[in-house]
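Quick heads-up: structures coming right below.
Two complexes follow with chain A in common, the first pairing it with chain B and the second with chain C.
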Partner chain A sequence: MANIERDEVSGTDTTGHEWDGIKELNTPLPNWWLWTFYATILFSIVYWILYPAWPTLSDYTKGVLGYSSRVNLTEDLEARDKARESWTKQFAALPIADIAKDRKLLEFAMAGGKVIFADNCAPCHGSQGSGAPGYPVLADDDWNWGGSLEEIETTIRFGIRSTHDDTRVSEMPVFSDDYLSPTQIAAVADHVLSLSGSGSASAAGAEVYAEECAACHGENGEGGRDFGAPRLTDGIWLYGGTKEALVAQIGNPKHGVMPHWEDRLSDVERKQAAIYVHSLGGGE
Partner chain B sequence: MSEPIVEQHHIPESPGLYAKHQKVYPQEIGGYYRNLKWKVTAAIMAFYFLAPWIRWDRGEGQPDQAILVSMTLRRLYFFDIEIWPQEIYYLTGILVLAAVGLFLATSMAGRVWCGFTCWQTVWTDLFVWVETRLEGDRNKRMKFDKAPWTLDKLGRKTLKQIIWIVFSILTGAGWIFFFNDAPTAAMDMLTGQGTWGLYGFTLLFAGTTYLLAGFAREQVCIYMCPWPRFQGAMFDEHSLIVTYEAWRGEPRGKAKNKEAGNLGDCVDCNLCVNVCPTGVDIREGDQFQCIGCALCVDACNSIMTKLGRPGELITYDSVSNQMARERGDVPKKRLIRKRTVAYTLLLCAVLALMAYGLVNRSELEINVQRDRSPLFVQLSDGQIRNGYTFKLLNMVAEPQTFTLMVDELNGAKMTVIGVAPDPVDQVTLDVGPDTVATYRIFVRAPKESLSSQFKDMEFVLTNSATGQIIEYDSRFAGPDR
Partner chain C sequence: MQETLEKNLVLLSIVTLITVAIGGLVQLVPLYTMETTIEKVDGMRPYSPLELAGRNIYVREGCYVCHSQMIRPFRDEVERYGHYSLAAESMYDHPFQWSSKRTGPDLARVGGKYSNDWHVAHMIDPRAVVPESIMPGYPWMADRPLGAEKIAGDMKTLQFIGVPYTDEQIENAQADLKAQANPEMGDADAMVARYPKAVIGDFDGNPSMITEMDALVAYLQMLGTLVDTTSYKTSPDGR
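The block that comes next holds the complex of A and B.
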């Protein structure tokens, strides 16, 4: 900066840069700006001392206040659990049927169950249990494994065909693969449809049904909850109620999997969820 | 190439949009209007600081504060009236009343609201009173501000700030007490157990009071408040406003010269300007800075009395009366005019509407939400079922019982979670005093009851005690066909 040039009009120094005769002024920062800038620097230094700030090779500087958002979260969760203790203690102590009978406890279960259901169940079963193909409707009164509070609680805890040792499990055999002929499968599909008032019954279909299906689904298609065999008389179908869908399901059955919630939800939370599911309309 | 044209830009001297604030030092003055102002101030202070402490028995488990706007309970209590959040239109009604009342008062008597009752005026008045006690009256105060800092000045200034701050905090807390149970909130704050909300809002309103009444003062009226800008629309020549009788005051001059020259009654003592809290000269006619406090009337009367001249040279009177006096006619008050009659009628109409609404206020409100997911459910016996969430809002302090039935849907049966697990034709629903009861209700009907995808139906509620019947229209959905 050998020769600083001063602009005549404004009296301000120029930067020495010139473009097509236009010279850039070296206007100083306004004081308020400058001091705000210094204040932010000061603030950052104070912040570094008080709060976690700098990473080190394996750790980070902790700050003298010992602040940690993770600790805050844990404390908040503990405070929440403590605030709910008067409820959760009763939930843990009482069997689920007694909880549902108490209006106050029922209200608490419904409020919590709604949130738990939305977080854990709704992605497959739909909001308010509206269901989807392959994912049972939880709002109707058709249950494969039972719709009492206790049965629902068990299903949530252990899952269906899940990785849990005590999981509910059942498997419908594959009937194609030369075991039944396509004609026989078509006939039994018709017969099954006739159980709920559509399709056409035939002697051949009835014969196959009695031999192959009745053991699990019952002689008259009333279903078997002990092994999760769906009722076939109600016109409610998990994988569709057309003849094609039935033929496909008999020939090469699909089996849905419901994970178990033993590890992910607490005993109290599972009770809340079961009561909520029970209240969706189908509870027995 | 031609020579480049060098233009000589002429930048005109800017008049400046920013006017530096000149501090106003109002002088103290006694008189009729000053007394009136103190009385109004006393009444306002008494209401503001005492009203939240009035107790009112509403029975077990209900707040016993007569005037309470409770955010936590979501209720507005005013003695025996209790307003629920969805009845907020009563607040709208009160605001409309306040607006029309303001218009009526202004068309009759000018800016009486501004001059006597507006909290900006009232609190500023009190803050200036404190300042005057500690720093002296106008002239003394002006000298005091210019004087170099001494221990005495520091002491007086500090004491003034402390009194201002304490009064501001009391004001802030006073506001909070309208929204919380006053004794509980006061105890909580005094013992350091208050919530951040209590402290925060108290400090917020304390801060605004301190700034607006201590420092901003007349600038609030002149620059911040929208009211002075459109007050002119409410005035006419019959509105009573603070006026100066120019016809007998002018030409003004010193009292000694009165006999010598042909001078008017005004002795140009400037006292009317000195006492003005906004620093205007009323002799220049009505202006938007004038808040109509009439202290200049007191000031001028005190001088006129001393000089033995007729009073009311500055007076609270209408423009038309001033003109009548100037002509020598008999002035007459005209309070009943088209404008005031219209405002009065409007005021009465809104009042009547609100009174009608309050008297006929329904004590029960029903909200029914039909489930949209799933829209309907097919049951294993082939019936169709819809889900509804029922909310019964009981706005009285006694429990109520209702019988619920479904009408206009053939073969309809209901199940209610926690109440009726098996399908029934009618069900009894309870709702506790002053609460909202929520019920999940499932209605089932044979498929044949639906002729199309949707069927209009209704819920019929019968009050078990009074037999009153309430019908609520809803719909029932089935499979698309």
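The block that comes next holds the complex of A and C.
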């Protein structure tokens, strides 16, 4: 066996190994370190007993506390629903217009609606509904489909040209493709511009408009909500108000798509969102 | 004993191997036998060829550096992103895209949340639709042809490591890829029969060419849409 001796300088034993005359001290671990180490072992044993830890062949040890993040979540959500019950019940039961009339409920709707809007709607409609090209401003009174609480709620639930079976849908016809000549398209574009006070009205343009466009956009360009056809008199444009933009839209129309929120938001959440949108400035 | 082991290389190697193997086996063996690690859910299917090509682009561009695909079972996450992610939902992912950091939002259930137009505008220039965004733009994807000649090979590789692609699916890879991006270029019904719930359409609004953008948007639009999570109930013991 090894030859353990006491080192005179440090007063510590050597390990007894010797390599080419060099001996190694066997300095013991500091006690604080050693006890911390034992404590971590003890901790892990306690942890194994309390929490899910070891896999077995077909299962795993569950721990005596029965901890599960999924069960905790279920409990969290149940507790949340319970705490909100006082007002969510009324939200579910009342028509949306009555909710907006009740000051207390309105507060709940606005607080929740704001968060829901930021997470779901703002990427398209801008924060506070400020809009972007192709994505309508929701803070003004220019509505294609309707700005009452009920109409907004319907839009959110079913979407526009969405994948939902009950989606709002309509399609402006393609007027190029020999249907209208380029001169006719230019004339009607000018006519449309004149409705909002720019462009030059012409008899030719007015005639095409009356024949081809009035059915959807209204005789005087006041818009047609049954078809989601925008009002053309207010100088507010989804796709731009230059003559070029109008010629492009008439020749080969773009159609905005809004997804439906039937699955993604609950009934209560959609009501909150609708009330929030309604409050942004243009609610009817 | 210490001394015998230390001085005998072969013996030391064998004993070391045994020690390390115990650690590995304890972790690995149960995963192969434990049926509970992956929930039994309906609706999961392997990626369609176009979605797989989009996923390859997602990995190539390192989108996972900023985006997770893992909704954890916490109240704040579930309220924002939807039902927590199930293990089954990434069982065909090699490698999975759970990621570990969120500079942008989680994408595990982004499918169907936006329109194709929005995704295209957002990928070309995020600031065009979200003014405060710090996401980089990827404008070239809209002009680059997809070049997915090898997609059947990718599927074969995945099949080899356990993704249940059928030989029929691999044979029809190119046809299905075209049919999904442009229903007029192929048999879209047969494609959907092979890949239920697949979103069909000209994703990037440019029917003359199948671009990288088509593939990426097809991938984004299917994320989290396969499993009907409303029918999934957390069991009392938490699985």
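Descriptive notes on the structure:
The rule is simple: the second predicted complex is superposed on the first by the 247 of 284 C-alpha atoms of A that agree within 3 Å, B and C clash if a C-alpha of one lies under 4 Å from a C-alpha of the other, contacts with A are read in each partner's own complex, and residues count from 1 in each chain.
To be clear about the criterion, a contact is a pair of C-beta atoms (placed from the backbone, for glycine too) under 8 Å apart; a residue touches a chain by one contact, two chains touch by 3 or more.
Source: prediction; values computed, not measured.
Contact with chain B, but none with chain C, is seen for A:G235 once the two complexes are overlaid on the shared chain. Look at A:G131: by the touch rule set out above, it reaches chain B but stays clear of chain C.
Looking at the shared chain after the overlay, A:L106 reaches chain B, while chain C stays out of its contact range.
Within the superposed three-chain model, A:L195 lies out of touch with both chain B and chain C [touch as defined at top]. Here chain B and chain C are compared by how many residues of chain A each touches, and C touches more. In the superposition on chain A, A:D140 makes contact with chain B only, not with chain C.
By the touch criterion defined above, A:G281 lies against chain B but remains apart from chain C after alignment on the C-alpha atoms of chain A.
Contacts of A:V247 after superposition on the shared chain: neither chain B nor chain C is touched.
Once chain A of one complex is fitted onto chain A of the other, the partner contacts of A:T163 are limited to chain C, with no touch recorded for chain B. In the superposition on the C-alpha atoms of chain A, the part of chain A touched by chain B in one complex and by chain C in the other spans residues 126-127. Within the complex formed with chain A, the chain B residues making contact are 371, 373-374, 377-382, 385, 387, 415, 417-418, 421, 440, 442.
Against chain C, in their complex, chain A makes its touches with residues 54-60, 62, 66, 68-74, 76-77, 80, 119-120, 122-124, 126-127, 132, 134-135, 163, 256-259, 263-264.
On the chain C side of its complex with chain A, the touching residues are 26-27, 29-31, 33-36, 72-75, 78, 80, 82, 84, 112-118, 121-122, 128-132, 230, 234, 236-239.
Contacts from chain A toward chain B in the complex involve residues 100, 103, 106, 126-131, 137, 139-142, 231, 233-236, 279-283.
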